[in-house]
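Two complexes are shown next, each including chain A; its partner changes from chain B in the first to chain C in the second.
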Partner chain A sequence: MTGFYAQLQERLGRETVPLIGFLLLVVVGFALATPQFLTAANFSSMAFQLPALGLLTLAMLVPILSGGLNLAITATANISGLTLAWTLIQFGGAEAGFGAFLLGVVLALAAGGAAGCVMGLVVAYIGAHPILVSLAMMIFLRGLGEFLTRGGDISGFPDFMNTIGHGTLAGIPVPLIIFAVAALVWHVMLKRTRHGFSVYMIGSNIQAAEYSGLHSKRTLTLIYTISGMICAIAGILMAARFNSVRVGHGEALLLVTVLACFLGGIDPFGGFGRVLPVVVALVILQVLSSGLNLLGANQHLSTAVWGLFLIAVMALRFVFARLSEIRRRRE
Partner chain B sequence: MDASETKPLALRLGHVSKVFGGVRALDDVSLDVREGEVHCLAGENGCGKSTIIKIVTGVYQPEPGAEIEIFGERREGISPVQSRARGIAVIWQDLALFPHMSVAENIAFDGLVGARPRLVRTARLRPAVEAVLTRLGVSLDLDAALNTLPIAQRQIVAIARALMGRARLVFMDEPTASLTQSETDRLLEIVRTLSAQGVAVVFVSHRLAEVLEISERVTVMRDGRIVGVFPTKGMTQARLGELMTGATLEHAVSARDRSGAPPVLDVSGLSRAGDFADIDLTVRAGEVVGLTGLIGAGRTELAHALIGMTQPDRGTIRLNGKPFRPASIRAAIRAGIAYVSEDRLSLGLIQPQSIADNTVISVLDRIRTPLGLLSERRKARIVDDWIAELAVKIGHREDAVSTLSGGNQQRVVLAKWLATEPTLLILDSPTVGVDVGARAGIFQIVRRLADQGLAILLISDEVSEVLFNADRVLHMAGGRIIESFDPHATSIAQAEARIYA
Partner chain C sequence: MRKLLGAAGGLALALGIATAVQADTPTMGVVVKIGGIPWFNAMEEGIKERAGEIGMDAEMIGPTSADPALQVRAIEDLIAKGVDVIGVVPNDEAALEPVLKKAMDQGIKVVAHEGPGLNNVDWNFELASADGFGEAHAKLLAEKIGGPGKYAVFVGSLTVPLHNAWADAAIAWMAENHPEIELVGERYGVAESVDDSRATALDLIAANPDLKGFLAFGSQGPIGAGRAIEERRKGGEIHVLGPFSPGQGQKLLKNDIISGGYMWNPAEAGRVFVTMGKMLVDGEEITEGTEIEGLGVVSPDAATRNIITDNLLEINKDTVDGLAAKGL
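Our next item is the complex of A and B:
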């Protein structure tokens, strides 16, 4: 039994197994509390809500691993969404063709990537703190977006965009597929590429990494550029889901992404953490919020429960770390 | 000596044991320190020196049956507050000061933390703080933020803070680990001042030269036990090293003539304003060239220019016969230079990360599959090969490198660089924080590498280290190489006299 458990931990990561246990607990709890929970409708609605937050969390994850933070993720997603909307409008709004959409996607990715790249360059070569740099970028992008849209909505997109936001493929919601692919790519990037390796090393000790021959400045630039690009994908997804773009869309998700990273066991000081437990943490947050919603609690209560949940997890982790230390000393 | 025999005891420990898990960190240890005495506690890392300090200061409680007597008062155990109230203070290696507070605030800190909240008048602190510094015979800018001071001065602040708390027994944990020779001399002077004023000092160190210079008696520990208490008069470094390690260490000049081998590194007229000037230096294949001198002589700065961390103003570098001017450390690594930094803790290794990752960090290209992804299997193979090759003692290759001892960490650093298959290895103070016993192991590896044809530049401020392990020794001072010693024709005393002149 202990052997199986140890092997499971080995395979999935130390943080993942308790989180999965907690997820099961929450699911069973809600299933007993309300018959509406274990329904296809509920699962489908969760599957459509999760991906935007999930993609933004991936955008937050790697900067935190490198010892930084990206506070500009929602603003970058918005400005990328605006770029797509602007392109579509140039080609006739609701009448725009698929080619125009593809062009818009490329331009949106370029906008997100550029915003991230600028942050990365400033962090890497000027040595400014990522919190300051990304805060400045967030304010700049939000101001720019509000100036361009005069604070209003842009809507009227072609019908096929609906598929991206609301369609399914072989019964699986398209947004969920996009998120699953992105999460898999992130996992491989962090575990199996030179860039991922550098992220962890730089997150622990950037100077020692540089002395060991890693190109820390280039790595930092790439980290924020990639973060900006995944924000763009989140922005495109949000545009497709809401069928409109507005500066400030999804702003409340910013700190939730940080919450999800820490729940998923990402070291707030950088250097340690994996994608899988963060994904499980995201699912737990979504289940909590949907379940409470079904029970008739309002949105704000579920936010409060999220916060309590993080505090509880931190306390439990502390207790378990202590226990295992005591056990190790006994041995 | 006779006068001090009769002095009352500041501290007496008897039958002190401490068990962690199944490990006996201290086994029936006895120790006595007289008032005003400078007493050395010597032993390799992990022998229990720090555990003793932590028991005397109340951080750990000893196993039942222990006797602790502090200034004549017998007790079974002690709490941190009781310990401090009885005049015991510790200068930890990391100093435990407040980097953003001023010198005066740091020194007066313990007096500022009152039982009741109250306002602090900084002006009132000054006379007391000044009095303490005068007692130590030093002057410092009281308003400077602590983090603007060099390490040596921060240490003085820590000592002054202990004296503000009316310390009568001061433990110093590896106080000279990060000091230059002249700073060390100044610290030893302060220790003598304290002793003359009746403050007992327990000096924990594994730098044998200092141990012998400063103390009257030395207690040697090994594996949690006391080996013995010895007067330092008549004790030699070699004998002390043997007592600490339990093994006879060979100290012999190993220099050979390599002047026939082809040059690997050929530097001429290399200069960088403010760092070094007109450096001519040749290191041949299979040759170990020692570079010594005081800290601040420009040795590390020269190494940094050779590896592309900084750019020289003038002069030429030739590597394996070809002109060479690295733009970055990556260019230097590609060209075949490996640099073992003097600062293993913050530059040499990424301490929290795994042994495996720290080993392959320099050769990521070699663990890539044809698809360009990193392969765990190739990584494991490279790591296991090097661990076996350099006889690194580890638990598991995925353990954090910080869990290893200093000597084994240094072997991981060597593995990381040897994996790049360099032609020139620059070792900058490779034995800082490495035990006496483990040092010999490091130098055996160095010698073997030289025999295999690697050119090695060995930078060290320990004169004996370069004389015993290098084929030629260069003396650097004020940014210039001013002379060279032949290890066969120069004694340690002669070389030290020239260097510390």
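Our next item is the complex of A and C:
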């Protein structure tokens, strides 16, 4: 039994197993509390809600792993969404063809990537703290967006975009497929590529990494560029889901992404953490929020529960770390 | 262990029975712009009160910030919950269209408030029309001035469409019905700031000795203009009118510095949400001349799905205390 557990922990990561246990606990709790919880409608609703937050969390994840932070994720997503929207409007708005959409997607990715790249360059070559740099970028992008749109929204997109936001493929919501693919790519990138290895090394100790011959400046630039590009995908998804783009869409999600990363066991100081537990943490947050909504609880209460949950997880982690330390000493 | 399972089973059974009993009561969820502020707290009170009266199971959902993304999430949860009616006070009309369409496709009725541009709704209702709101203020001002004189108009900003629509209506009404009361200058976009309103009002008073009134559309306009009049000791001579927060303007109103204004009642809006939700569930048609409690006899616009009424609430010495006590 212990062998199996150890093996499971080995394969999924130390953080994942307790989180899955907690997820089951929450699901069972809500299932007992309301019969509406274990329904297809609720699961489909959660599956549609999760991906936008999930993609933004992936954008937050790698900068945190490298010991930084990216506060500009929602602003980058908005600016990328606006880029796509402008491209579509140039080609006739609702009548725009698929080619125009593809061009818009490429331009949106370029805009997101460019925003990220600038942040990366400043962090890497000037050595400014990522919090300052990304805060500045957030304010710049938001101001720019407000200036260009005058605070209004751009809407009226072609019908096929609705499929991206609300459609299903073989019964699975399209947004969820996009998120699952992105999460898989992130996992492979972090665990199987040279870039991923560099991210962990830089996050653990940037000086040591540099002396060992890692090109830390290039890696840092790449980290923020990729983060900007996944923001762009989140921006495109939000545009498809809301059928409109506006500066400020999804702003409330910014800090929730940080919460999801920490719940998922990402070390706040960088260097340690995996994608899978973060995904499980996202699911838990979604289940808590949807479940409390089904019960008709106050929205502020669900935010409070999220906070309590983070504190509880931190406390449990501390206790377990102490226990295993004591056990090791006895041995 | 068996005891625990028994207890859990009993709980599940009890909940099952509870829901079976509730199944006949139509359910409704109203998603508002943001939770925890006095305006929507008052609306929630109205919703709960009315739901109790006519036998609906209604709740209000107030997101933690005024982000359309959170409203979309809340509406998706309501669809999953399988409510009969969804009510919404939109932050951003366009962002809600897809999710409201989803709701309507599943047979859920949708009622909106302050969302005249929404397409995927059964009905959108308003307690104040732009013209009616502007005219009511102009009428009240003409009454207070009671003779020839000059007046100035403040708006929140020259780019706020609603304020300017109110101002247009008020100025047009005044020009037609009381040509002896003249407008001074153009309108001034200062009414979102107490200081700007005060400074502009002081300048205007100095420049126009025969100035008799201010129409201030914008939450801070009446307060700022009121301060200027208080400083110049012109209370009762120059009249300040406009929509303002009762709690903030209570004292100025009592001291006759501000003469009054109109607003619409969020609690009443909450009651109308539930009333209309019930009517839609019962399949009652809303047509020209239908009487809806809280709205009166309505003349709905079937093309735009709008029901626009003028149910204004006057803010005066009698009503201000009650409104302020609710935190409005």
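In this text, the second predicted complex is superposed on the first by the 331 of 331 C-alpha atoms of A that agree within 3 Å, B and C clash if a C-alpha of one lies under 4 Å from a C-alpha of the other, contacts with A are read in each partner's own complex, and residues count from 1 in each chain.
The rule is simple: a residue touches a chain if its C-beta (ideal position, glycine included) is under 8 Å from a C-beta of that chain, and two chains touch if they have at least 3 such contacts.
The structure presented is a predicted model; accordingly, all values stated were derived computationally and were not measured.
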Chain B versus chain C as contact partner of A:Gly250, first or second or both or neither: second
Touching partner for A:Thr168 - first (chain B), second (chain C), both, neither: neither
Which partner reaches more residues of chain A (counting touched residues only), chain B or chain C: C
First (chain B), second (chain C), both or neither touched by A:Asn293: second
Touched partner set for A:Thr193, first chain B, second chain C, both or neither: first
For the chain B and chain A complex, residues of the former touching the latter: 20-22, 329-330, 333, 339, 341, 346-353, 357-358, 361-362, 364-365, 368, 372-374, 416
Chain A partner contacts - residues on chain C that touch it in the complex: 8, 11-12, 15-16, 19, 35-36, 59, 61-65, 67-70, 72-74, 76-82, 92, 94-99, 102, 159
Contact footprint of chain B on chain A as seen in their complex: 188, 191-194, 196-197, 200-201, 204-205, 207-215, 271-272, 328-331
List of chain A residues in touch with chain C within their complex: 32-36, 39, 41-42, 44-46, 48-49, 52, 150, 153, 155, 162, 165-166, 238, 241-244, 246, 248-253, 289-290, 293-294, 296, 298-300, 303
